[in-house]
Amino acid sequence: MNIAVNKIPGAAKKELRYVIADLLRHLILLFWSFLVLYPLSILVFTSFKTDEEYVDTSVFSLPKSFFNFNNYIKAFIEGDFLTAFKNSLILVAVGAVGTVVIGSMVAYCMDRFDFKLKKYIKLVYTVAYIVPSVALQVSIYAVMKGLELTGTIYAPILIYLSTDIVQLWIYLQFMEKISVSLDESAMIEGASYFKIFRSIILPLLAPATATIIILKSVTIYNDMYTQYLYMSKLELKTATTALMAFQGDRINVQNLMSAAILLVMIPTIAIFLFMQKYIFQGITTGSVKE
Amino acid sequence: MLKKITSLFLIAAIAGTISVGCGKDNNASISTTQEAAVTAAAGGSSDEKTNPEDAAGEITFSSNRTDLQNTLLPQFVADFNKEFPNIKVNIETIKDYQAAIKVKMSSNDLPDVWTVHNGYYTKDQLTKYNIPLDDYEFAKDFLYSEVFSGSDRKIYALPQGASATGVVYNKKIFSELGITVPQTLDEMISAGKKITASGRTGLATAAKAGWPLQYYWLDIANTIAGDGNYRNTLAENEAPFTVDSPMGKAFGLLKAFKEAGILEKDPLSSDWEPIKKDFRDGKVGMFILGPWFIPQALDPLTIDDVGFFPLPYDNEKTPKKVSAGPDVALGMAQNTKNKAATEAFFKFMMDTNYASVGKSLGLLTARKSVAVDIPFAKEFESYSPRKLDVVSDTKAYTDIMNKAQVDYNKLAQEVLVSGDIQKAFDQLNTKWKKAMGK
Amino acid sequence: MSYKTQKKLLLISFLLIPLLLMGLFFLFPFFRLFYMSFTDWDGIMPDYNFTGIDNYVEVFQTPDVWVALRNNVIYILNGVLQNIIALLFAVLLTVKIRGRNFYKASIFLPFIINSAAIAFMFTFLFDFERGPINAVLTSLGVEPVGFLSNLKIVNFSLAGISLWRYTGYTMILYIAAFQSINPEVYESAMIDGAGTWQNFIYITLPGIKTIVELNLFLTLSGGLQAFVEPFIITKGGPVNASNTFVLYTINAFTQFNRYGFAAAMAVVLLVLVLILTAIQKKLIFKGD
């Protein structure tokens, strides 16, 4: 904002408006953040309490020491979270990458080309989202059995890759905005469709890709039912099934459970913090620029 | 060209749908015939001792006890492996057990040895998917095996233990407040009131979880009727639910307990795990369920602090009837790929190690010749309860139940909400009549 | 290679695997479901009988189904609220503001938490006797509230959990959508003297039309599909107070062996959503 503007009378009133608006913005956001962070902070405090502290002190009180990692270590070892994290990592890595590849490819076809089946494909993806997957489990399991994939890590991966409308729509939203003239100028130079896809479209989809990676990773990581059904073997433990199994009889030992829950959350927070740089960079909307 | 390929693809998909849907019948019956052929060819192989060195491979053992995943279950397997070192047993514990098992059953993909809960599977299902156990010597020693019989009268699962429905109580609280074990309903209610007055919960229900209320309609109704077959007789009546029927009286008990104020402050908020913790911490006086609860109720309470007495459901001073029956059972799946290993493990759990498994799980014995050493069993017997054996649900009964989609636990919750048993029963009778096709 | 041939090649190679997956893991199961909705299949045994449209008739005649649907409406309304709040936050956050990353992260955080953990947290928070919320209320002299046992408010408590959990997700979608709008459009608008509000109505909203449509669709279908929170926390209780359409459907199969009936319910849900989405599209996007 030009400093010179301040010297003009009437601009003072405008600035006051901005200050109030700014304050209001912060208040709203702070309020919601408080709603989010307060329950979580209780969880954090509890996770650092020893068994005695947990019983004796009130739920709202701070733990004696924030360095009491005993609960975390205990949860990690007893819950066999090393195996769990490994398996979840595989699911997320393959699932997220696969989703990005498949989603962008399908979106490219749907946006840039016309072909007879286009409408039907869109319809099928839409319908696929509406029918709750739990209702289809019986038949999906039958297919997996037929392919001899039950009890393996491949079954959930295939399921995660098969129907997700959100990634398609996000890519479509972005692809619409990528001007066709870019494709056309590349075509004049004789580039193949594949080259256009790879060198022009994909890079421009970067923010969408980052968003999808975050959303899909979290969804896969936290998914329960599919992992239960196909990965209940001990070696195929995932973060979610391990947490559920760990819970067992310990559900009332809240200091231990809090530590376990936070332990499970760490990888997803890491992914989020890492990827958010890519989504949120750059463009601002509105008329205020600072 | 694309069009042709895609339409071919779609046709294949749809054709595949219908053929698999119909053809499933053929596939399933083929595998059954093959299994039968193998068993027949092997002769009485089920009676021969499996040679420890020969039996090898991997099998799956499934249970709903996620709380035992890292403790008792691996212990059982470790003990098993001392005798059979070449068999790898994969332990699978699933929280939403029924949902997962049904999906697997549907694709003929059950775990080799799996936990069978009474009342969740129809006789047809057990017959189709489990291995019959009649030819195993040790099977003849079991009580309550009829409960797990199939539509062909053969036995398809055997109970790991027996249970009876009664009142588990905290002896320390009783002696502190000078309460003696209630012999009549009035005494029960006054005991509850004393406990509640001392700032604790007189009688717990864990109503939020739903299933802990099952003892009212599952067992208490039968004992009030004096007939283990009572529930099955409901199938013969168009409108069997009345307030003064045994079922009505059973719910009436729940209502009476609520109105006497001896339940939790807000029973419908009371969930299973928190109430278990409260019991352990000495905040609960009594709880109506089976003795399987006692191992979970300890620490800091000791085994001497917990007792078990028959529920006094009326004011007669006669010995009380109690519903006795099987606890959970184990079965072997027909689709097993390694029958020898499966049999070895099954035998281990149900025969050689039966007593110690039962003891660790806190179950009364379900075998005539095997005694399980449980302290509170003695106390229970001292009240001379008249045991009414649990009878399995008939097909007629389950058909109507399923068609009408009757959830008794929700009914019990309804009683706690409104106290209007008649209204709840009226709705139930309408559903019941419709399901009977009348 | 001509572009015409290339096009065919590209379409096939790009679409083959996704469509195969779709076929195996959706189309086939779905047609099977649809087929079974006309039978009395129990979901397990190989035999079943054709019952025509009996299941469908029964769906409409079962009062508990309507009770469940009524509960779903609360989730839908909650979803609309969620969208408004998320859009507001997205707008507030695209402006450069101090602590912007902090806010983004904290609003999104609940989405990351595992369902089991959320159930655990809120069951504790809402606990009648031991929960912090009631602790605060009683210290203020107010009667404790049965968040999960009071028939009138249990759905709102559960919907509230959903709101807490997914607002960040919706917000992220809106923020991503904002990124897709070319800043030059705003610059030229500014040159023409447009204000913030006008920018929003005439540039931003139309610019993110696809995502708004998506979010409204997700809201509608999400509301009708509400299932996880009631399933884990209350099992639809007390009685049927927090039962939802999908929860009822699942129980029909797992508890009562009524696969055919459950299948019919799933198909009814599908048709319901399609109809409502079509209506929504006409009402909101008419003239576009």
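Going in written order, the chains are labelled A, B and C, and every chain counts its residues from 1.
One rule holds for everything that comes next: a residue touches a chain if its C-beta (ideal position, glycine included) is under 8 Å from a C-beta of that chain, and two chains touch if they have at least 3 such contacts.
Every value quoted in this text rests on a predicted model; they were computed, and no experiment measured them.
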Please give the intersection of the contact partners of subunit B with those of subunit C. A
Compared with subunit B, which chain's mean CA position is the farthest off? A
Which chain would you call central, comparing Cα centres to the global Cα centre? C
Most extensive contact between chains (C-beta pair count): A-C
Averaging C-alpha coordinates per chain, one finds the centres of subunit B and subunit C separated by a number of Å equal to 35
Note: subunit C sits from subunit A at a C-alpha centroid distance in Å of 16
For subunit A paired with subunit B, centre-to-centre distance based on mean C-alpha positions, whole Å: 39
Would you mind listing the residues of subunit C that make contact with two or more other chains? 11, 19, 27-28, 32, 43, 250, 253
Can you list every residue of subunit A that touches 2 or more other chains, as numbers and ranges? 115, 138, 142, 244, 247, 251
Per-residue multi-chain contacts in subunit B, two or more chains: 2, 6, 20, 24, 106, 274
Residue numbers on subunit A that touch subunit C, as the complex places them: 22, 25-26, 28-29, 32-33, 35-37, 39-40, 42-43, 59-60, 102, 105-106, 108-109, 113, 115, 121, 124-132, 134-136, 138-140, 142-143, 158-159, 161-163, 166, 169-170, 172-174, 176-177, 187, 192-194, 197, 207-208, 211, 214-215, 218, 222, 224, 239-240, 243-244, 247, 251, 254, 257, 261, 264-265, 268-269, 272-273, 276, 279-280, 282-290
Across the complex, what residues on subunit A touch subunit B? 78, 115-117, 137-138, 141-142, 144-146, 150-151, 225, 228-229, 232-234, 244-245, 247-249, 251-252
Please give the residue numbers of subunit B that touch subunit A in the complex, ascending. 2-3, 6, 20, 24, 60, 62, 66-70, 90-96, 100, 103-104, 106-109, 273-274, 276-277, 296
Subunit B residues within the subunit C interface of the complex: 1-2, 5-6, 9-10, 13-14, 16-18, 20-21, 24-25, 28-29, 98-99, 102, 105-106, 122, 124-125, 128-129, 207-210, 265-266, 268-271, 274, 401-403, 405, 407, 410, 413-414, 416-417
Given the complex with subunit A, which residues does subunit C contribute to the contact? 1, 3, 6-7, 10-11, 14-15, 17-19, 21-22, 24-30, 32-33, 43, 85, 88-89, 91-117, 120-122, 124-125, 132, 135, 164, 167, 169, 172-173, 175-183, 186, 190, 194-196, 199-200, 204, 208, 210-211, 214, 217-218, 221, 225, 227, 246, 249-250, 253, 259, 262-263, 266, 269-270, 273-274
